[in-house]
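Letters A, B, C, D, E and F mark the chains in the order given here, with residues in each chain numbered from 1 onward.
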Amino acid sequence: MDGHGETAEQPPWYAGPQTFLRAPLVGFDAIRPGTTVISGAPHSLRSRFGERGGPRGIREGSLALAERLGNARREGFVDVSTGKRLFLPSKTRLVDVGDLNVYPSDVMRTTEGIAGGVAEVVRRGGFSVCLGGDHYVGYPSCLGYTRGLSERAPHARVGYIHIDGHLDFADTSGSYGKYNNGTNARRISELPAVVPSSMVFIGIQGPCFLEQVESLRRLGATIFTSEDVEVLGPAEVGRRAGDLAIKGCDHIYISFDIDVIDAGFFDGTGSVTMGAMTAQTLFKILEPLSRYPIGSMDFVETAPPLDPSGRSPLLATQALLKILTPRIFEVE
Amino acid sequence: MDGHGETAEQPPWYAGPQTFLRAPLVGFDAIRPGTTVISGAPHSLRSRFGERGGPRGIREGSLALAERLGNARREGFVDVSTGKRLFLPSKTRLVDVGDLNVYPSDVMRTTEGIAGGVAEVVRRGGFSVCLGGDHYVGYPSCLGYTRGLSERAPHARVGYIHIDGHLDFADTSGSYGKYNNGTNARRISELPAVVPSSMVFIGIQGPCFLEQVESLRRLGATIFTSEDVEVLGPAEVGRRAGDLAIKGCDHIYISFDIDVIDAGFFDGTGSVTMGAMTAQTLFKILEPLSRYPIGSMDFVETAPPLDPSGRSPLLATQALLKILTPRIFEVE
Amino acid sequence: MDGHGETAEQPPWYAGPQTFLRAPLVGFDAIRPGTTVISGAPHSLRSRFGERGGPRGIREGSLALAERLGNARREGFVDVSTGKRLFLPSKTRLVDVGDLNVYPSDVMRTTEGIAGGVAEVVRRGGFSVCLGGDHYVGYPSCLGYTRGLSERAPHARVGYIHIDGHLDFADTSGSYGKYNNGTNARRISELPAVVPSSMVFIGIQGPCFLEQVESLRRLGATIFTSEDVEVLGPAEVGRRAGDLAIKGCDHIYISFDIDVIDAGFFDGTGSVTMGAMTAQTLFKILEPLSRYPIGSMDFVETAPPLDPSGRSPLLATQALLKILTPRIFEVE
Amino acid sequence: MDGHGETAEQPPWYAGPQTFLRAPLVGFDAIRPGTTVISGAPHSLRSRFGERGGPRGIREGSLALAERLGNARREGFVDVSTGKRLFLPSKTRLVDVGDLNVYPSDVMRTTEGIAGGVAEVVRRGGFSVCLGGDHYVGYPSCLGYTRGLSERAPHARVGYIHIDGHLDFADTSGSYGKYNNGTNARRISELPAVVPSSMVFIGIQGPCFLEQVESLRRLGATIFTSEDVEVLGPAEVGRRAGDLAIKGCDHIYISFDIDVIDAGFFDGTGSVTMGAMTAQTLFKILEPLSRYPIGSMDFVETAPPLDPSGRSPLLATQALLKILTPRIFEVE
Amino acid sequence: MDGHGETAEQPPWYAGPQTFLRAPLVGFDAIRPGTTVISGAPHSLRSRFGERGGPRGIREGSLALAERLGNARREGFVDVSTGKRLFLPSKTRLVDVGDLNVYPSDVMRTTEGIAGGVAEVVRRGGFSVCLGGDHYVGYPSCLGYTRGLSERAPHARVGYIHIDGHLDFADTSGSYGKYNNGTNARRISELPAVVPSSMVFIGIQGPCFLEQVESLRRLGATIFTSEDVEVLGPAEVGRRAGDLAIKGCDHIYISFDIDVIDAGFFDGTGSVTMGAMTAQTLFKILEPLSRYPIGSMDFVETAPPLDPSGRSPLLATQALLKILTPRIFEVE
Amino acid sequence: MDGHGETAEQPPWYAGPQTFLRAPLVGFDAIRPGTTVISGAPHSLRSRFGERGGPRGIREGSLALAERLGNARREGFVDVSTGKRLFLPSKTRLVDVGDLNVYPSDVMRTTEGIAGGVAEVVRRGGFSVCLGGDHYVGYPSCLGYTRGLSERAPHARVGYIHIDGHLDFADTSGSYGKYNNGTNARRISELPAVVPSSMVFIGIQGPCFLEQVESLRRLGATIFTSEDVEVLGPAEVGRRAGDLAIKGCDHIYISFDIDVIDAGFFDGTGSVTMGAMTAQTLFKILEPLSRYPIGSMDFVETAPPLDPSGRSPLLATQALLKILTPRIFEVE
């Protein structure tokens, strides 16, 4: 509890504690089945400096939106296009467990720190949303997800959707070795619960490493390039990806790299892509996708220190909410 | 007069006084009927820090364009698509009266300061362009406009076009109260000269507060969402908005919030919207709109201190000119 | 509790929750007599933009130091000059109650929000450290202190030490009115518990308003200018100030404005002073001062958004610790 | 050679020397016919501050991509849409000769410095890529190209493609005179080897100076406006431009100003255009264009110091590679 | 006149026109004998980018101080150390004539533009304060001063005080030639009215070019190094410099380069010096110096675009006022 | 060789290749006995982001000074206080071997990469100057130095001078382990060639870890605190440190951390210290120190990305030159 406890009104965005959307900061034991659980994994090694600042920055950036949501608690929202109404439930469906254990000079210990935290969330029935950090975080997060899931459902099979400008499917990345943000999807493909033929990559852009593309084809995975999105239409890509990922699987894990959009529209990210999709297009992919049985997710590569305009974390929050909305709101 | 008086050439953009497009800095008594009159209202309370720097920043940013216009005085411009030619008239149609009175710790006194200045402009027959500041400035600016207008045309009726990503139609905004950049359109709807059924909102994006949408519907106002713009086409939305706003009215007041475009394309603004329209789309809305009988306007939410790249004020000038061009140029 | 609970090691500075020095975030009911209690008052109206970011920025900046202190918990520190040893007590003497209530468009309501929070801290026996915000915060903080104190010791008398480059003793500040960061010391002089002749101003620099100097002289207050510090020596000024402030009083309230040091050495502050003292000099004043019976304090005018180098909050933490050290460490 | 010589692995992007894409830094005598030769021309006078930082910034920005290409040396890339494969040839086709001579206070001497360097590259059979600097650099670069070419092929005729938001076809620019980034295309039209009716301008946007448009029409040049690109489609514009420029010519010189894309998507440039094309659109123009017989080129107006997010040089590298790819890769 | 004309109160610092200390913006014909006249010379060629932004930045930075001075108009200031009182006279002694003519690509034409403006100020009896720009501005400013002076007093002799970390006494600076910020003092030494043996250099720091030191010695000029200031004491250096400069002369011209202080204390300057004097020391030199018969001055090398903290122009204003105070205030 | 080869004049600071002071970029085989050899070690793990940018930033920052030195090649410098003259020898005594091998995710492999490079320099008789990176770099640099030295002089004994605000003498630093910028001096004390009782620490500031101080005392090492420097005088500390370090030793290794000066005067560094010494004081320590038989050195913790004013690398160059001057100049 903080000093704002006495007032029924929302504090201004620049006051009060910095949890995601002002969700309660709790320990693992407060997680109930179905709760959406935010955690942070401030790890980055490769790319440009800055992804370590992701979890902290996104939480702070989410407060401008939280200021608005605070009022919606009473009034509710409406989507003027569809007429659908959104209400914040009286009992919160969203909590924040803070940052998981990271060790700047020890990648494998960091891997266990993140995986252990996510596994604990999933074991208790939570929907885990792990905020990176660079895209390597996707691997320990998915590792933790499959560990936690295996305790609740030992035979559950998991499909995988990789939203990103890049494949991240190298077996090893030059001097960075086997555990970094160029190998995360490869490491995930090696997890026992993950079904390689249900791995779907959306938004891939530019020339790709030949070896990675051929390995994915051998595994039966699917790639939707930026150009495919333009040809098929984003909503159709969202639906096809969902169908392919859930096929033969019980749940989908989503690994969401914000650099899937053109870096011209997003300052604060490490791996810059030019000529990629717009936010408008991305949102049309996410809309149908958010209705599939997603089990857990990560949200990576937001690098607030690289964006002196300060917009990136506010934009990142809006992108993440496109997936979280059905989970944290009541929709009529 | 400044030290540049002796030369017939334009000073470089980083020299000379900082009025909008190098318009003469004048007192109210220099305003003639039909003159376009720039004023500043450096007020902001809510959003992110920075909109207070709007008037000063836009004036400075306009000088890069003024450097080019200075030469056009002799040569003229041509629109290569349409063949239309633009000339700067020998007698300027544009003046700048500097900043209106604001009082940082007293919102109501600031409201009177801005309204008083705008009313004086309008009373003398000027076309008032009030540069914010945050969107709250729209209310005192429109208040001043209707006051000034009532002296020249006591029974004039005013339509209202709100170009913005947000409705700003709350009756009260949490701890900010009734007078801020979430309530400005509501306050305007309460002005006697404004016709609520001629209020038109363009570019609304994301979930809206249910109470605001229902209130607007009861009043007979019209909302064109970002999605409507995509479906109907921007030029058609511009025309429909103009028709709806002028219906039963003598003049249209335009309140123009730059955050109607996606914040991914505009660093320097306070309320960040992701997935909104591009500048190209916006310009296609403004083109037909600029030909309706607009009485006065405000231009708000440019926050130069939030944009260390320095582009925002230059971009803002170009957006504003899409409306001002028929007023300050001779078009053949 | 956050995800770091499982490890005995300190998280890196960029991970984990952002309380001051990683102190527990608690409600008022956790305050015990003698506890040092950090609160935030993110309020600013006048100066340059940015002091609103003070509490959040200082908390975040303090974490680099907390990383070091975490190890000191086991090892302890030593001052190599004096041989004195510092240990962090096993039971923390420091808590953080988060931010107090502020209302951006209503100064008087903000005044009550801050004063109410501080009074509650003091009522429970806490040593209140209120982080601004601009220097106006000094008034509601001292107001709350005397209110809380009066319940525990109805007749207690309070001396006042104002560490600042400016007097802040105007009765009214132009269009800003009576409640802002130019009037805070004047408002404090009007509090019943404060003894005007025990008011001491340290570090005053540059030309001062004649009316303010004369008013202070009439009240019997003492001014140590920047030049006095040079002539008398900083340690002597610290001692004289302590003696003067405690004379006839039970406790001293300290209002500490970081702009007492030359702005050439501190980027992130609003009211810039050139030619003022260095940090080395300031620390020599604070050393003797920290041993007087200080009752509570504020620490104001750190404006992290104005300092893109990010050093200011780290420096601010070090300055504040010069006063807090005897309270939160065990000294041998 | 640098300290990395001992390792077969690529250094991380922030280590090692800063040549374009880690090409060898060589003297002119190492140039072989067909080699692509990068040089820098850090000259800027007009626009906003910053284009002088272009060559250095682009080289540094290219290293993130070089890190990836280093691995491709072994693996190769594939374009997942077309199935085409790209390999880096074992013998590099790309070298960097460093910066050419510039003299900040003497435009004509700078002109000779740049032209002399480019002429030397072309004389030796190199494909010259001169990195600006502001767009004035286009003139000395093309001047040098035609000089060098005339030694190898005395009667060769050159077509010209100007990719830019602006015409740059003034005869004189106010107080800047005849040699600056508003006159470069005019000066080029006066070169003996250049065929005025094979001059093509792509991406022109906003109102243009009447005199410039009329002069171009008299010369038989072609203008594709931003709107033409939308109506005809970008690939079609690329093809038409190539056909027009090569007609009656032996080679095409390309002058590529990055401000042809909307400044909302590109922070680091001097002359800001709003409402211009996106990077996606630009890339579709460049794809067919890159297959015409281009003789040499310049790449101007990237201003890294204006972009504190640091993305601009990384984006610029990707745009430039759209033209260079067929020259520096083996394509299967 | 601007919209603030109606109120007796000072506008906040971020509102209103941007003249130095809110002095009236006037033409040359408003200058009366004894008036202090601010002009701007936004010229820079060498150093780091940014000095071109000096005049505009200093004017804007001066407004924070102007806000305070506005109230002093009624109350007056007091120097608490000396008891001296300062009042702003009812009739302003300070005007601002805006920027003088500069031509970015033509140094000699810029020289005439600045010299012509300053000469006009001096011809009318004004005390000219020319704001740079880089230190080259010192030459045209002093040239204009001696030209204007020669009309009022044909035989007047001028002493010269150069406050700077560097001698700027090269005859030619590599590829920059003879007219730049490394040669300005040499060019001044060649003016007929200037007495070389009355040239005094204060604050010189680091190794100096041998040729420059020997030339100055031959001319009989005096150098006070940074170390001399430490040994002799700053006040003594101020007095000696004044005595030496006025000896055999009627007036002193001061050329004041802000990089005389250590760049560690001043972000926004082009030529960085480490280990130079502090602002406190500088102020002690200026205090006695300001009482000598100074005829005119320049104030150069403030580069606001290089200082993202925004302090430099506020600090620069305070440094400049150390000399201007006896001229624009009434002192009792 | 680059395109500047044809001109005898220095290029402007923003043009040409980025070696330290424009020294030739060479391979190890070009090193001759007595040559000063710059290398880079862009490694950082702990502190704030940014030290990885040190080597690149310092090289770039050194070019402003190189522009001046280029002219001195002909003219020479003079120290106006002492009359000593400095000339650049016709044959350069300074080379740059580029960056040594670093591996971002593998500290021990990085340690070998740096140590191997430095050993090679020393083996060939070079004076190695290794630019960090964070202070951990000091350990592999000194390790390499002693390795290389042992081949030339198997029984040589080495004294150690640590110029820093912090001891860096932890055995292990929390979760960072044994190899980071808190343990570097401890690791060095364990090297066989280093004489612990000849280890001297200068500039230590603030509370120190008790365990570290006691370990150093047991080893017979000496600590000069910031306060000792004030009491003894900086030149005396420089002399005493030199005497203590060379006692019983053949050479001194210097590890120079720029955070020994107050972070208020130096933006771009990771570990911020307030109240530490000024640059003026530091320079007085270095002057006598530079005359002892120094064998090699490192220069660490400059973090250019943390300093948006861009001054830090320019200042860093000046600090480093205080030690290098007797090695790269001829002094008369």
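Methods note: a contact is a pair of C-beta atoms (placed from the backbone, for glycine too) under 8 Å apart; a residue touches a chain by one contact, two chains touch by 3 or more.
This structure is a prediction, so every number in the text was calculated from the model and none was measured.
Within the contact network of the assembly, the step distance from subunit C to subunit E comes to 1. Counted as hops between touching chains, the shortest connection from subunit C to subunit D is 2.
The chain with its Cα centroid farthest from the Cα centroid of subunit E is A.
Compared with subunit D, the chain whose C-alpha mean position is the greatest distance off is C. Note: Cα superposition of subunit D onto subunit E, rotation of 180 degrees, nearest 5. Spacing of subunit C relative to subunit F, judged by their CA centroids, is 38 angstrom. Averaging Cα coordinates per chain places subunit B and subunit F 56 Å apart.
Taking each chain's centre as the mean of its C-alpha atoms, subunit A lies 38 Å from subunit B. Touching two or more other chains at once are residues 7, 11-12, 46, 52, 104, 175, 264-265, 267, 278, 308-309 of subunit C.
Interchain contacts (touch definition given at top) occur between A-B, A-C, A-D, A-F, B-C, B-D, B-E, C-E, C-F, D-E, D-F, E-F. Residues 45-46, 49-50, 52, 103-107, 175-177, 179-180, 305 of subunit B touch subunit C in their complex. Subunit C makes touch with subunit A in their complex at residues 1-7, 11-12, 14-18, 25-28, 39-40, 42, 52-53, 55-56, 60, 97-102, 104, 113, 116-117, 308. Residues of subunit F touching subunit E in their complex: 7, 9-13, 64, 67, 70-72, 75-81, 85-86, 261, 264-267, 278-280, 282-283, 308-311, 314-315, 318-319.
Residues of subunit C that touch subunit E in their complex: 46-48, 170, 173-175, 204, 206-211, 213-214, 223, 225, 227-228, 262-265, 267-268, 271-276, 278, 306-309.
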